[in-house]
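Got a structure here, written out as structure tokens. Questions coming.
For reference, chains read A, B and C in written order, and residue numbers begin at 1 within each chain.
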Amino acid sequence: MTTVAATSHVAHAHHDDRSFVRKYIFSTDHKIIGIQFLFVSLFFLLVGGLLAMQMRWQLAFPGKPMPGGGILPDTMAPGGVLLPEYYIQLVTMHGTFMVFFAIMPLLVGVYANFLIPLKIGAHDMAFPRINMASFWSALLAGLIMLAGFFVPDGAPRAGWTSYAPLSARPDLSGASYGQMLWCISLVFLGLSSILGSLNYITTIINNRAPGMTWFRMPLSVWALFITAILGLLALPVLSGAVIMLLFDQTIGTHFFDPVAGGQALLWQHLFWFFGHPEVYILILPAMGMVSDIIANGSRKPIFGYHSMVFAIVAIAFLGWIVWGHHMFMSGMNPTLGSSFMVSTLIIAVPSAIKTFNWMGTMWRGNLRFHVPMLNAVAFVAMFVIGGLSGIFMAATPVDMFIHDTAFIVAHLHYVLFGGSLFALFGAITYWYPKMFGKLMSERWGKVHFWLTFLFYNCTFFPMHILGMAGEMRRIYDPSQYTFLQPYQPMRVFITVSAYLLFATQLIFFVNFWWSLFKGKKAPQNPWEDNGLEWSLPAPAPHGNWETVPTVYRGPYEFSSPQVPEDYLPQYRKLPTDREPARAPVAGH
Amino acid sequence: MAHATATVDMMHPPAPAERGLDVYNNKLGMWVFLASEVMFFTALIGSYIILRFSAPGAWAPPGKVLNVPVTAFNTFLLICSSMTMVKAYAAVADGQTHFLRFRPFSGGLKFWMLATIIGGAMFVGVQAYEYTHLVHHGFLPSGAREGSEVAELVASGVVPAATIGLYGSTFYTMTGFHGFHVTCGVISMTYLYVTKALRGKYSRYDYRGVEVIGLYWHFVDLVWIILFTIVYLI
Amino acid sequence: MHWWLPLKGSTFAGEIDGLFLAILIITGIAFVIVELGLLWFVVKYRARPGRKAYYTHGSTRAEVIWTAIPAVTMVALGLISNHYWVKIKGRNSVPPNAYPIAIHAKQFEWQVTYPGPDGRLGTADDFEVRNQLHVPVGRPVVIHLTSEDVIHSFFVPVFRVKQDAVPGMNINVWFQATVPGTYELGCAELCGLGHYRMRAQVFVHTQEEFDAWMKQAAKGGATS
């Protein structure tokens, strides 16, 4: 066995003579795959929003024909009046599309793919073809899920959580093929996620550039790394669960059928064992990217970098032992309720650590409020509300009242919209120049931000009040209950706010698409940031660098006394810097 | 590819500038993938354990529905194929990529890898035979088919009625997905055999595909040993 | 329109509402610190020409403080909450003399079985009523909750009581009503098409009214 000092890996010189199809359709380039995920996921985000708009109509104006409802078939909304069975399809599909096909791929499919090789100094992912497969199976999964609306008996309607036995029995739910397609779609989505995680984990462990030690990686990369591990280990459990559910639906197995010895609660345990790590998958990358943006906007190093890494790891680790907090009222052993309550309360602590560290980063900074910074600060402000409302539900006696009410809906939208989606608006704007070589309009970005912030809080904050009143979730017509009738004006207020919120998103979509063609040409480093990706032209070329850069410092050296500028990129060599100890580099 | 003047040992490449886990990418990727497979089988097997040990009554005694001797032979077959996989790995690590040599007798990569493929394919074949046999006698994923031999076993009390449905559900799901994984392994290994091994693409300096598929193969074998024990023997 | 929690209708309500308020105060303090802090920083530290940010990587002391205080608070909250949790839902929480009622949830109604004049369930004088839960005030009542088909959830907001009804399980949930009146019960777990109308009325009677109702209802047999 001989080992030889091979020459350093040289990317092929760039006259990129691949065909259009190879370059942009069946691409193995991580950046193109990230952009593919972006376009497809934004589409599904729009779908999820449209579904919600219909739900909001019914809640504000029950029994009244919905404008535009005439295009819906009579099985969904005869005369434009939504049927109860259609309403619960909307509820189910809104949650399903938003969680699995919008937020998760936007955070992971887009940014893990786009950012990881760029930010650690690699030419591409470890397994580019597997990466391509990850995108196409996600797209397939999304199309299968969409097909649910068009099959006999219509879309699935057991909620995005698909509790058995309702979801296993078409005679009880009314949905047959649709419910099966939900399961099949998620098998492909799980596959996509696992293939992606394979790449992210292997690439980060093995393919970092010289000098890119673990504790010089940006927090966005740390977050994506830990998220990839969560996804790797959680999605297979979902796959197992939906396969068992699919078999109960189709070949007569009895996993969740109490009559033949199965257990309804088994589904809940399996689903939430996956489901809780899943919600950390939906927030950790957002937190990571927000860290990068806040450090940049504050022109200061991240406060407590090591604590931030520790907090990410702690959240991910604890996230495996809290799943029962979704099941406090399920009938499981009350002692389990106690233990899950304790673990759930403890997981609030690392999130608190992160919040204080973001504030610490802004403290005594020199704050620049570019659009990404506005969105990142809003993330902190809104995520805190979502996190604090979580404490109410963690306390099991209080959860007895607020479980399955609008209070939970408020909480989840504060963390997923107020949290993840604001972070995404920031991230999309921030890395847009590197993706497309153009800048989004700063002015319209600010208009979008302020209007979104206003209408978003008007939409979701009142839901806390409705929950405190005892309004149950997934109810087609709350006016059936005398105690809920007085809150109708609040439901109308929420709906109007939601419509204004949705309309405001048009500003973002137009800004996004218009800027692709007519946007200002982006300079190489428009935000004066320190990451490796800013050493590349915009848009970044295939293969990224001819020779990967060398890293001399951490990612957050803003306002460093070593240089007059208020930023100091990781890749910039100062006279006082030494080369990192460099082992001979192999080709692979 | 490395543009080097001498052969680089791809199996133990020099560490990159930032040391990872000192394991080449394909191998690390397979270990990571196997971690996800562990979780998948844990969901299935864990559910089985929960359902069985809180079942509303006794479980069917071993051997009453399932054919333990035939499956024991099948288990032996799969373990043998893991052994031939090890032989294949050892052969190529030593540069022995030939098929068979006589005087002295030695099998090379091409022989042992083929033996592994055949062993795996036979395992799947026997399992397919077992499934058709069971279904023919009335053992379904939903339990016992009405009027079948298995239904009579249930009626006579040899096999408890309260749990026959769960028995079928868990048996077919767990062994079925295991068989699916073996099949994928056989197909993948055949692909590597035809496109790489037979064409002389493996050498003592680069047999990554052999090592990686070997890891997968041993994992699938290990899962089977667990399944065989808890499904057939206990 | 009422901006707070509903009327306190059971012995749990005071405890649960008290815990809610305590959490509101704790989270409210955290909320004010964070939001006002952010607002203050946003104003005070905004970029101005000639300013430079303060170059620091953090403070271990700060980390310790803002880790310890939330951790201690959460542990304390957990201990207090668990005390009430065990009292309300613990394995041995049902008072021994609780009045038994059986509720069988099914798509989309609540079948309530009363023990009849002899006060014992499972005897000949039991009778069933649909979608009406009658209970005496000031006495513990234990519901034996079952489900016919899918998972439902028994939820009476004024009692603050919620418990999922799971097919294949028989679950006990108890409460003690404190205020006579007529209230509502809703299903709090998506159970299908008619989930939104799976509603029942809850009547909290004085003991005399309850006895009178019982006599009359038992005679009348099952009513809907």
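Definition applied: contacts are C-beta pairs under 8 Å (C-beta built on N, C-alpha and C of every residue); 3 or more make two chains touch, one makes a residue touch a chain.
Keep in mind the model is a prediction, meaning the values are calculated, not measured.
With centres defined by CA atoms alone, the chain at the far end from chain B is C. Looking at which two chains touch through the most C-beta pairs, you get A-C.
The distance from the centre of chain A to the centre of chain C, each centre being the mean of the chain's C-alpha atoms, comes to 31 Å. Centre-to-centre separation of chain A and chain B, using mean CA positions: 35 Å. Averaging Cα coordinates per chain places chain B and chain C 49 Å apart.
Annotation for chain C: no residues touch 2 or more other chains.
In chain A, the residues that touch at least two other chains are 262-263. Touching chain B in their complex are the following residues of chain A: 1-7, 9-10, 126-127, 130, 194, 197-199, 201-202, 205-213, 232-237, 239-241, 243-244, 247-248, 251-255, 257, 260-263, 266, 270, 580, 582-588.
Residue ranges on chain A touching chain C, taken from their complex, read 84-85, 87-88, 91, 158-159, 163, 165-166, 169, 172-174, 258-259, 262-265, 298-307, 329-331, 333-335, 337-338, 341-342, 345-346, 348-349, 352-353, 355-357, 359-360, 362-369, 377, 380-381, 384-385, 388-389, 391-392, 395-398, 400-401, 403-405, 465, 468-470, 472-478, 480-483, 486-487, 489-490, 558-561, 566. Contacts from chain C toward chain A in the complex involve residues 1-6, 12, 15-16, 19-20, 23-24, 26-27, 30-31, 34-35, 37-38, 41-42, 45-48, 51-59, 62-63, 66-67, 70-71, 74-75, 77-78, 81-82, 84-86, 88-91, 107, 149-151, 153, 155, 157, 160-164, 166-169, 171, 183-184, 186-197, 199. On chain B, the positions that touch chain A within their shared complex are 1-21, 23-25, 28-29, 32-33, 35-37, 39-44, 47, 50-51, 54-57, 140-143, 162-163, 165-166, 168-170, 172-173, 177, 204-205.
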